[in-house]
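Structure, as structure tokens:
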Amino acid sequence: MSEQLRVGMVGYAFMGAAHSQAWRTVNHFFDLPLSARMRVVSGRSPEGVAAAAVKLGWESHTTDWRALIERDDVDLVDICTPGDTHAEIALAALAAGKHVLCEKPLANSVAEAREMVAAAAAAQAHGVRAMCGFNYRRVPAVALMRQMVAAGRIGTIRHVRAVYLQDWIVDPSFPLVWRLRKEVAGSGALGDIGAHIIDLTQYVTGQSISSVSALTETFVRERPLPSASSGLAASASSAETGEVTVDDAALFLARLNGGAIATYEATRFATGRKNGLRVEINGSLGSLVFDFERMNELSFYDGGLPGDEQGFSRILVTEPTHPYMSAWWPAGHPIGYEHTFTHEMRDLIEAIGTGTDPAPSFSDALQVQLVLDAVAQSAETSQWTKVEEV
Amino acid sequence: MSEQLRVGMVGYAFMGAAHSQAWRTVNHFFDLPLSARMRVVSGRSPEGVAAAAVKLGWESHTTDWRALIERDDVDLVDICTPGDTHAEIALAALAAGKHVLCEKPLANSVAEAREMVAAAAAAQAHGVRAMCGFNYRRVPAVALMRQMVAAGRIGTIRHVRAVYLQDWIVDPSFPLVWRLRKEVAGSGALGDIGAHIIDLTQYVTGQSISSVSALTETFVRERPLPSASSGLAASASSAETGEVTVDDAALFLARLNGGAIATYEATRFATGRKNGLRVEINGSLGSLVFDFERMNELSFYDGGLPGDEQGFSRILVTEPTHPYMSAWWPAGHPIGYEHTFTHEMRDLIEAIGTGTDPAPSFSDALQVQLVLDAVAQSAETSQWTKVEEV
Amino acid sequence: MSEQLRVGMVGYAFMGAAHSQAWRTVNHFFDLPLSARMRVVSGRSPEGVAAAAVKLGWESHTTDWRALIERDDVDLVDICTPGDTHAEIALAALAAGKHVLCEKPLANSVAEAREMVAAAAAAQAHGVRAMCGFNYRRVPAVALMRQMVAAGRIGTIRHVRAVYLQDWIVDPSFPLVWRLRKEVAGSGALGDIGAHIIDLTQYVTGQSISSVSALTETFVRERPLPSASSGLAASASSAETGEVTVDDAALFLARLNGGAIATYEATRFATGRKNGLRVEINGSLGSLVFDFERMNELSFYDGGLPGDEQGFSRILVTEPTHPYMSAWWPAGHPIGYEHTFTHEMRDLIEAIGTGTDPAPSFSDALQVQLVLDAVAQSAETSQWTKVEEV
Amino acid sequence: MSEQLRVGMVGYAFMGAAHSQAWRTVNHFFDLPLSARMRVVSGRSPEGVAAAAVKLGWESHTTDWRALIERDDVDLVDICTPGDTHAEIALAALAAGKHVLCEKPLANSVAEAREMVAAAAAAQAHGVRAMCGFNYRRVPAVALMRQMVAAGRIGTIRHVRAVYLQDWIVDPSFPLVWRLRKEVAGSGALGDIGAHIIDLTQYVTGQSISSVSALTETFVRERPLPSASSGLAASASSAETGEVTVDDAALFLARLNGGAIATYEATRFATGRKNGLRVEINGSLGSLVFDFERMNELSFYDGGLPGDEQGFSRILVTEPTHPYMSAWWPAGHPIGYEHTFTHEMRDLIEAIGTGTDPAPSFSDALQVQLVLDAVAQSAETSQWTKVEEV
């Protein structure tokens, strides 16, 4: 293998584990201009980060993310922390001339996101690359969906129907983890999972959301304080309770700038739906449906087939000609969630290695943030709200 | 068999054919206090109604619906015409002391609907019964859904997600049939199919929609005039065109009076979806999903099962213990669309025979009309709109 | 309507009810050269047949099927009794110059079936028509499947995979109804439901089964005697028990005369499968899958589509251009089990009216009988067994 | 991490890549007594194996598998070559005191397999472990299926219905790769994929196949010689052709020693089925269905639920309490094909580390070989054939 891309990762929980598996794997399946090297991981807890370094396969560890950024042997900073720290870390990394991969959402506020976009633009002039990690774009079925829309296979897009349904906090005794606190998470279902379907549908359709009418709800407003938490799981919990300060569910109608109309729903209260990201797009010539619960499939209705033979098909997106799939196994062998991150790292390394800008850019991620902002504002004012321009 | 219920039907197109099959069939499968007799059908075209009488099995025919109502040998008037004529016919029939079954939507305007409710109330005092025909309530899977919600099987309802998707006018050369003209149809997808999911979800949840934020769209605003039309099909068409004056699609967010939040969508532009009525309800203890494309099935997620065994099930609603099903075939034998009307007639005959009020009442149907009205108003004003009280 | 086809039906249980609904309905949906008239029904119990005549809509009734046959006002005899009586009734009816519709299986023995074929051939010379009622051929999706195979859409057929799965006797306390007694039913799952998948797959592929290797099993060999029974349901049951003399399940491998190889399975012990008739056919160019639990759908894999877009599609067989469907409802409106009989009557009336031979003929049904015979013999001898020639 | 398990792998094609990813990953997700170290890979082509070592992450490489076995720094030999070389390599490795993981099928002949079992037994006395790699046992849904059967959730097993359907050689111009040559592959679909469903169903049911009646077929008997081949893919091909000496498809009926009856089918000619391993098991109390195309799901019918609520459920086998799943991602996040190998390595390392015997043992694999042998013999003789005792 060729030259190295030396990575420093900040944060080592759910996202950190997923990113680590991707960094560890990407060069074993894809031929790339650079070879990823997992130099250092940082985290607040000295014991935690030490154990994580061993478990996740990092060469060293630190409790000081600023030190990580300053290291000469780090080319890229991979930010896997909660949203309230993204801006500070990303700005510092870009200032230090490091490439940055930042988990979504880009930031907890539009103001922060705008600052990050400006910093990325300035850094780009010096060949520094910045990318935001909307991993669902890298599901092969989603990438295929994008290809087919772009190739005109479904014609003019009329409808987008997008939901992201989870149920992990349906139980009122589930504790008040950081994802339920506005000061850390920025928002609830909206920013956590709503952001994914906003990005995914805009990416696939090639259209942007221009205005929204929204509704948010918090069904359980008081929860026990957690004794400890990690990722989505949490072991409860003291008798003391605290206020849930984010939305449990966010619903909105939208108009897209290409003429499509849409419904969106993100919720953590859809009992039985574990990670139910589902998108349907209807065009004048056909339709496409994706459901992450069956991530290796894409459903396609081709209005151009003979009338008697039309129907929604179940394409197994496991053929070598499908996006990303030639790197993996023979046709018919499913891949999993973590592969979306491997594909993300593949695209990022390719971009850095060839001196091009990776997507989604910080600017793309800011645009998602502006949609989230409009949704939150609409929910508060009960008014149709225009999405601000990037 | 016992005493007769002598029926006169007004209109003989799509709904007329469906009702006829139901009247013809109902007493052969259900034991009922009254036996339906198909006395007379009316329609505007002399040749059309004569042919329809033979084809659909009516003993006589007339071009004068007022004459039909006046006949002594008619006990019940079944109204299967477009919405703009419902009020006039129903009012006359009730005034003549006839029971009335009126197809949905009850009327094209709230004012008309209110008048019909008043007339039904007055007639009720004399033992005259009035019912509105929301046939989807009578899908056994939907009736089972209602039973399960009422029995608390899914707990407190948090989310309703309802769509009714069709695609029969995606082609811009499809002609301007009566369903696309506001003066006849009242509205487009909204009143035609949106009304069904409004009624169905309110029925199943036992909650009413209290406020909405809506969006409607007409994608194709000019269409060729039809040379002839019947039901949903139409043979085009002159070179002349006319304006489409109804919505092609209607989307809305809603709050229900029991605390649930909801998304609704009715469209005729969902390519590949022929009659895609789909409803998902999430409660605190479980979820239920119904899809009319697979009308003999109900999907149920029971959060009370052992953790390792939880999952959405596919209940074949063909067991003799399921609603309406003991009358039909052995377990595992599907029924079809027309059976929903047979069930409707069954319930109506049962109510008339036992001297009770059938459901949905005109008042229930008015409430749906008020929701439709609020949706239309919200779409026009771009404001959240309260649903008026019945 | 035109000239009448006056029908006398023998037997009024499950099949009798299904046939009655079909006779009652067929002329209301299909334009046909003859109009069915339900003249007379016969049955052994005077009270039973009298009640059935009213319930099922027959003009008169008798306890003497020979009298029914002799009536001048009966043109066609419809045989809906258990298999042990088919031959005697059919022979008498043909001898009396009546058209005959005989439920499957044609007979309980090959000898009887051969006699019936000979009688039908003799009668045919005088314009008398005979047909056997394999209703599943008349599912629109199955008819479409046949059309597509015949049109070469899946190329050379390699594999047939057919199961008919039920579970109604899994419970060992289910009583010894007539279907479990060899002297009445001829065989168990094999002749009852195995016959259907044999006929269906031979019809769809256009190939005949030439040899088989079979295995049959009776899991529960002793059951309580029934107190009363009707159709598939039965209310148990005395303390006395009797021997089950038919197979609970029959499995066989087969070679078809066109080069395809096949697996077949018919069982009443597939817990959870109520009426699970499922057939998959793989050809050199594509595949087709039908599942009666979703009888309004057909799944098609077209190997000729662009590589990235290949997948099993779900064709909703509800378009007006699909077999039989123009008679019914708009696209997307499902039909049910009973419609297969209405289609059967449609085809039969069409054949009689136009003076052509209906299919499947008694000869076709004999061939199915010969396959059943080979299967039974193979199961007994544990040898590959050739299917005798018709 | 603790003590190392130093691995030498023989072969680096499809299976070699899958095993490498598993060895590389297993300790990052599971807490194990030993830490895998990827010491050396061997292969026949010097350039090929050198490139593979880099690509797959092995520390060194050799063209001499005997040298690999002799190395002091190799504790375990992982055999990923075609079946004709398994015996020789495994015997040498066991003789050298190395643990052995051998891909399925254990060998190409029963004689070889018996020799391997004897060698494994001898080695076991010295603490040497041997395991055969039936990876599909390690799909979490399959492991759950086994748990549920063992816990009696579906009662007495009546039926097994197993297919493994592929279509990669439907095209007659697909070349004569090694998998189509008996001297290398032993058999065709039978040993390659039939072996998997034999092992899987015996594992899940806890019953063994005792006798079979089989049928095999080679649809395309002559194919172009390959110019080069690797794994399942192949770039054709000279004008010269050669004879296909293995089965394209193998079908058999079986009796299991616990009273169940079964159908099995393995084919490479099921157009549209890419890797369609599907197993249904019906018991007296319920049923279970697994389909590898949706490997993160298990379908369960619980006959013990209230009658109105019974139905096949779709369990998402992604909960932390499901087998193997606590190591991976939050609920609802799918895993892929390669994870089955990671689980295999997990179980193997656990067994070695704790001094217990891993499963499936060589003896278990011999038993599968004996079934394959009986199937082949039955197909040749057209006789029911008993499976020889281990």
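Remarks
Letters A, B, C and D mark the chains as written, and numbering starts fresh at 1 in each.
Keep in mind that, in the parts below, contacts are C-beta pairs under 8 Å (C-beta built on N, C-alpha and C of every residue); 3 or more make two chains touch, one makes a residue touch a chain.
Here the structure is a predicted model, which means the values were calculated and not measured.
Shared contact partners of subunit C and subunit D, listed by label: A, B.
When each chain is reduced to the average of its Cα atoms, D sits farthest from subunit B. When the C-beta pairs in contact are tallied for A-C and for A-D, the bigger tally goes to A-D.
If each chain is reduced to the centroid of its CA atoms, subunit A and subunit C end up 54 Å from each other. Spacing of subunit A relative to subunit B, judged by their CA centroids, is 42 angstrom.
Between subunit A and subunit D, the centres computed from C-alpha atoms are 35 Å apart. Contacts with at least two other chains are made by residues 273, 310-312, 316 of subunit B.
Residues 144, 148, 297-298, 300, 302, 307-316, 319, 321-322 of subunit A are the ones touching subunit C in the complex. In the complex of the two chains, the subunit D residues touching subunit A come out as 1, 14, 18, 20-21, 24-25, 28, 54-57, 166, 168, 231-233, 273-276, 292-296, 316, 318, 320, 328-339. Residues of subunit C that touch subunit D in their complex: 154, 158-159, 161, 163, 165, 167, 170, 213-215, 217, 219, 249, 251-253, 255, 259, 261-263, 265, 267, 269-273, 280, 282-287, 301, 303, 310-312, 382-384.
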